[in-house]
């Protein structure tokens, strides 16, 4: 139930979605609108700077003033859209033009029918993406955490969950390669590892990777929607993983170091907190999203040069994309389209990659050979591993309908140390989260 | 029958003035009252309605239901939160009070650089809590400055050996920030009450044979009680409802009630947001009720002693 | 002072009190030193007490501004935050004083039914937590379309500031004997002129003190700004919150912003210490 | 010149009657002192006249015109407060000029009149100073100047001297007396100090608990108090109980503990009435040796019980056959404790009033 | 009984000398009044004796023992402050009992002694009240009771009456006098009111700007001031300039504007010295008609210029060939302005001191 927008904007949308407008019409309209409000996670100074340095002048060329809102949590932007809509502000009247989004938040907007519409393939730069459903490489562009994008958002960056070690304390050869290795290593040297606490998505992802690794069927069942998967299968798929998490709990940083003795295990709240532990020498290994993360942190002085990436867990490294979405009550829809187009341009994607280590959102397969070569050149060297290795071990993300369930189980079973049987905890969480 | 002699002229101005006066009082109170009634009382009423299940904003209307309160009270995490909220609020109030009283007493003395010190001690009062948080992180984190100094002098080897002060349920980091920021506030209040008191009654006690400790205990302390009561009440209420410090420096689940309220409110699931409102109501009622009892107790105490 | 005076006098500090004051001054001032160092660091790893590489030597090797370069660049939004903090602070101060003055005057001077109730009500926001108010106000503002706007933030800031202002101003009015105003009236001044020529100049220091206090509270408030601002209006506290809430090590930019966030308070303290007279406080908080 | 008349003035606060049916007329150009103990309603009366407090009942008239309906700023009165109440943020000149400034008078005119006024109060050299830089007496003079500069029709003074120290108080008394006489301004002067009232006033009103108990010229009030409360308040501490035994042209004969007492006080009393006679300590004579005309007047033998030296005067406590009398003398001679003396009570200085419950 | 002796007591604050080399001995059981204008260092002297302020120099001895090293609470002194300083959070009984309570005395004993003390100050019925519920005089009596209950060896009183109103002040004066004599306690009493000092003290010390200018029995100080500042302060406002022309056994002959003046004041002065003679207003006699012995004594013809009626006394301003003299008389007769009179200045009441720069 979208609120009614103002007639001009509504007409623009229907015309644009119907393909009645040329891109020049869009540019003209965008110039009239004059500005665009982009809400994005603002926790990275590099990204913030890059947007101001690169995207802003680019949009200015089209007569559009870019206003970025650095939110702490993308949810805030989604809330704003919902609230605006609830108070009757439709297209052309809200406050959010574009959101950097993926997963659950997109799912929220999608299920509440608060998206502008299928625009992704109508941008000039849609040529840089596979959108054809028959093409397997289009999967990450058309499905976001298992939820179909319906072309209502356009990818602008990709990521992969990657781990790093400090070779000053842990030789790459001794580094674990699988979760079994990890457990062995932890039992030998307790306290040298920990992972980010769910519900931070970096924490969720670690849990998901554990689930993949301990499920006989691998990642496959986790791609399904909860309704399609069913509780029984879900218990089957997750039990092993959670038992593993429970086993290593006492051997994590601060965890007590012995079976059955729970100290005070530390699960850092955020990637920053995790990095701090590594830099302080409290742990030797950490995992988070960001292929180029270690490289960038070394470059910016936050990591010592002795830090290297490792491939862990082999064959189960979650990889995904994130997107630009336009909400249904965007005050400047045309300018939002221009923004989406600009950030998916080849030059800007390359610049983003080379300057701040944010991987390409566009598909290299759609690029010319020269461009592909340029892309390779633009990317930073990865310490200790190669891009190809990353690609070989990549697996897709978990369906967003399951994420909350996993989160709930982790909190109850690990964080709150509930005494209930694991199966019941799983069932409880399933029942509260799956509607 | 004799009619009473009417004298309208004489009584008219008086009547008019009184009416005007009443009207004027209402008029002058109106702006401040309006702001607080609409925003503050309105906010509380709205939160209360939501906690009872009335939230058209999220297309939820199960009004009235105690469901959200029942959920809350039946979860063990909530009661732990209650405990931590009290714990983090009470200890710094108490410790800070003792430090403040002593500092205020010391400030009355004559000493070199007193003027300068008057500036220095008020500094934490002037800057946001978040700055205190930031300073605490820099100093007290496991790899922080203090740990490094301890390493330098050979007391610890590894940051792991440094006691956990931040991100821990002991709440030491939270309390350090509170105390650091609130001691100046309480000191200022107590010091100002002391200034108003003047040294005379203490001198009188001294000439009557009371030693410094007796003088403090029997003469000074009872007289600065009003300042202490206000100071501790404000500080406790603040700590009880404080968000950013426990949010950043706390030990995660279960955290203080305000943080839990925020977490719940931050959830995309609307029903959880109504749960947040239930927490909010609990915080308000507990904090308001406690302070009411505290002040009522103090009033009675004072009344018994003939004051007020 | 002669030796004898020093020896027998109780006016001076005991050795422990001297230590206590020094300790206190140190706890306030000494954290600034590592904070300044941190703001100039580039590589600073455990267990070094000083950075192994400084900002000054690293700043030219990178394409993006780092450390202080970033803090002072437009990318940090620091100046926007400062401007917002000041604009909000001053608006709140003016508005708050404007609505608190008449109320304080009435509370200080007049007797009326329900006065106790009104007084109590005007003070309760001091004891009801900010989260409670913040969430509720957000709900109201969402409905009024004020969420995320300056006006909304200014209005929200009135909630914690009005009680303080009323308290301070009430005591100011109580301290001002009605004699002066009555004298002016007897000399022929009507109520308006009396207020303008007599009352206002005489309570000016009190107004300053109250105003400062309001400004201080407003510029320190995080939660209400954060809730009501919805990430759309950034002030110094919200900027700093974004930086420190990740729970990581304090990077040079955060250190720099921390230092800058302290500045308004320090400046305010320096220029106004003489207005924050303890006496004003005494009346305001001992009742 | 204006006549000030208050008629049946009454003020009730909540349930207590603070001013109770008081009527006073101050003739044009005269100074009336309102005398009474603390809390008796003096200030309240003054404030009602000024318009700062609204009377519960009664009327206030300036030259026969009721002013009840006029707000204070329109009554054109001058009021000097107990605590000077100078505006601390204005200089002496600004303080004095305030009343004129408010009336929109031109700057030069204000300057002229302020200077003139400051000359009268002899403070022309201090016009640039601020109140905090003045002594108490100077402040009070500024307050008076400020009040007088607007040529008020009525001057009200509320214990203007009670905050000054003894020496200054005396100086200011003289100053006010002279000034009031020079300017000839109708004045109501409130005080709780009998000496002040006596010295300054053309007429004195004595108030107790909101009621006007006595009104008359100073000597009358001083020497012939209406009742023992007034007597006590006026410092006539010698109260002698007695019964009227004879009444004739020459005076009234009382029977008191020490014998007979002749009183030349007007009024007629029934024989046998219990009354109180009073005489001021300074009106009793001490005779060291028995004089010649042994049986003339009221003479009593007594013993000096206490001697208190006050500087200029000496006070003796004398016990004379059951009477305990206080006598005040100039300190030209000194008697010693235990000395036998004879007291002479001048019948003309004695005064009687009925005994009270 | 204790003797209080201060020797060369000096106090310097920063750069100003507030008490300058003051030595006073208060004999056991006596009351000495320290008299002086505001700011002359009276309070500071008292505080040094109490131990509340540490002297810069000099010594304080109780019965010959220096107490400099003892903290105030061990000196066993009683001090009554100008503003009573009762503990507002304690009842009257608790206030009075505080000193005993502090000494760890048993509850019943405290109760007994408090009751006893309250009886002495006549406040036994108010023991449950709190200070805020008492009048000024009652508060001051509680303060005194509180001080005396511990049997202090020395009693220090700092202008204990200056906050009371005239009538109360007089009552309290008598009360203190009696009490002090009854208890026989060595007392140092600070005041700026000459009358108070005269009335109460066995000896009076006059301080100006930190210096003890004169010390002696009240009459001496009152009638024979050391210099014109003291004279003025003591209310002897008649200052007569003159030159010494003759000096013989009978007295000193001065040449003044109005003629010759005979003074019977001790001390020898060089002929031709410019001096000031002083006489108190109450020591001048007014003679209405020329008496018989025409040429005896200092007589001057004069005209009455002003008459001020003070109730018990009348003050005249008399102009007599260049002299402007104030005369105070009992109000048994009244003269009128313009009346010609003859003034008689008793040579024995005249007093001279050298003229000052």
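As written, the chains take the letters A, B, C, D and E, and residue 1 is the first residue of each chain.
What we mean here is this: a residue touches a chain if its C-beta (ideal position, glycine included) is under 8 Å from a C-beta of that chain, and two chains touch if they have at least 3 such contacts.
From a predicted model like this one, the values you see are computed outputs, not experimental measurements.
S.K.: What pair of chains has the most C-beta pairs in contact?
M.R.: B-C
S.K.: Going by C-alpha centroids, which chain is farthest from chain E? Tell me that one.
M.R.: Comparing chain centres, A lies farthest from chain E.
S.K.: Between chain A and chain C, tell me the centre distance in angstrom, where each centre is the average of that chain's C-alpha atoms.
M.R.: Inter-chain centre distance comes to 39 Å.
S.K.: What is the distance, in whole Å, between the centres of chain B and chain E, each centre taken as the mean of its C-alpha atoms?
M.R.: Distance between chain centres: 55 Å.
S.K.: Centroid from C-alpha atoms only, then distance chain A to chain E, rounded to Å. What do you get?
M.R.: 92
S.K.: Considering chain A alone, which of its residues make contact with at least two other chains?
M.R.: Chain A, residues with two or more chain partners: 83, 86, 268-269, 273, 276, 279-281.
S.K.: If you look at chain B, which of its residues touch at least two other chains?
M.R.: 57, 141, 143, 159, 167
S.K.: For chain D, jot down the residues that touch at least 2 other chains.
M.R.: Residues of chain D touching two or more partner chains: there are none.
S.K.: Which of the residues in chain C come into contact with chain D in the complex?
M.R.: The contact residues of chain C facing chain D are 177, 179-180, 182-190, 193, 197-198, 201-202.
S.K.: Under the touch definition given earlier, write down the residues of chain E that touch chain C in their complex.
M.R.: My answer: residues 53-57, 68-69, 71.
S.K.: Would you mind writing out the residues of chain E in touch with chain D in their complex?
M.R.: 38, 165-167, 177, 192-195, 198-199, 218-219, 222, 233-235, 280-283, 308-313, 328-332, 346, 349
S.K.: Across the complex, what residues on chain A touch chain C?
M.R.: 39, 42-43, 45-46, 48-50, 52-53, 69-72, 76-77, 79-80, 83, 86-87, 89, 95, 268-276, 279-281, 299-302, 304, 355-356
S.K.: Contact residues on chain C for chain E in the complex?
M.R.: So the residues of chain C touching chain E come out as 2, 4-5, 7-10.
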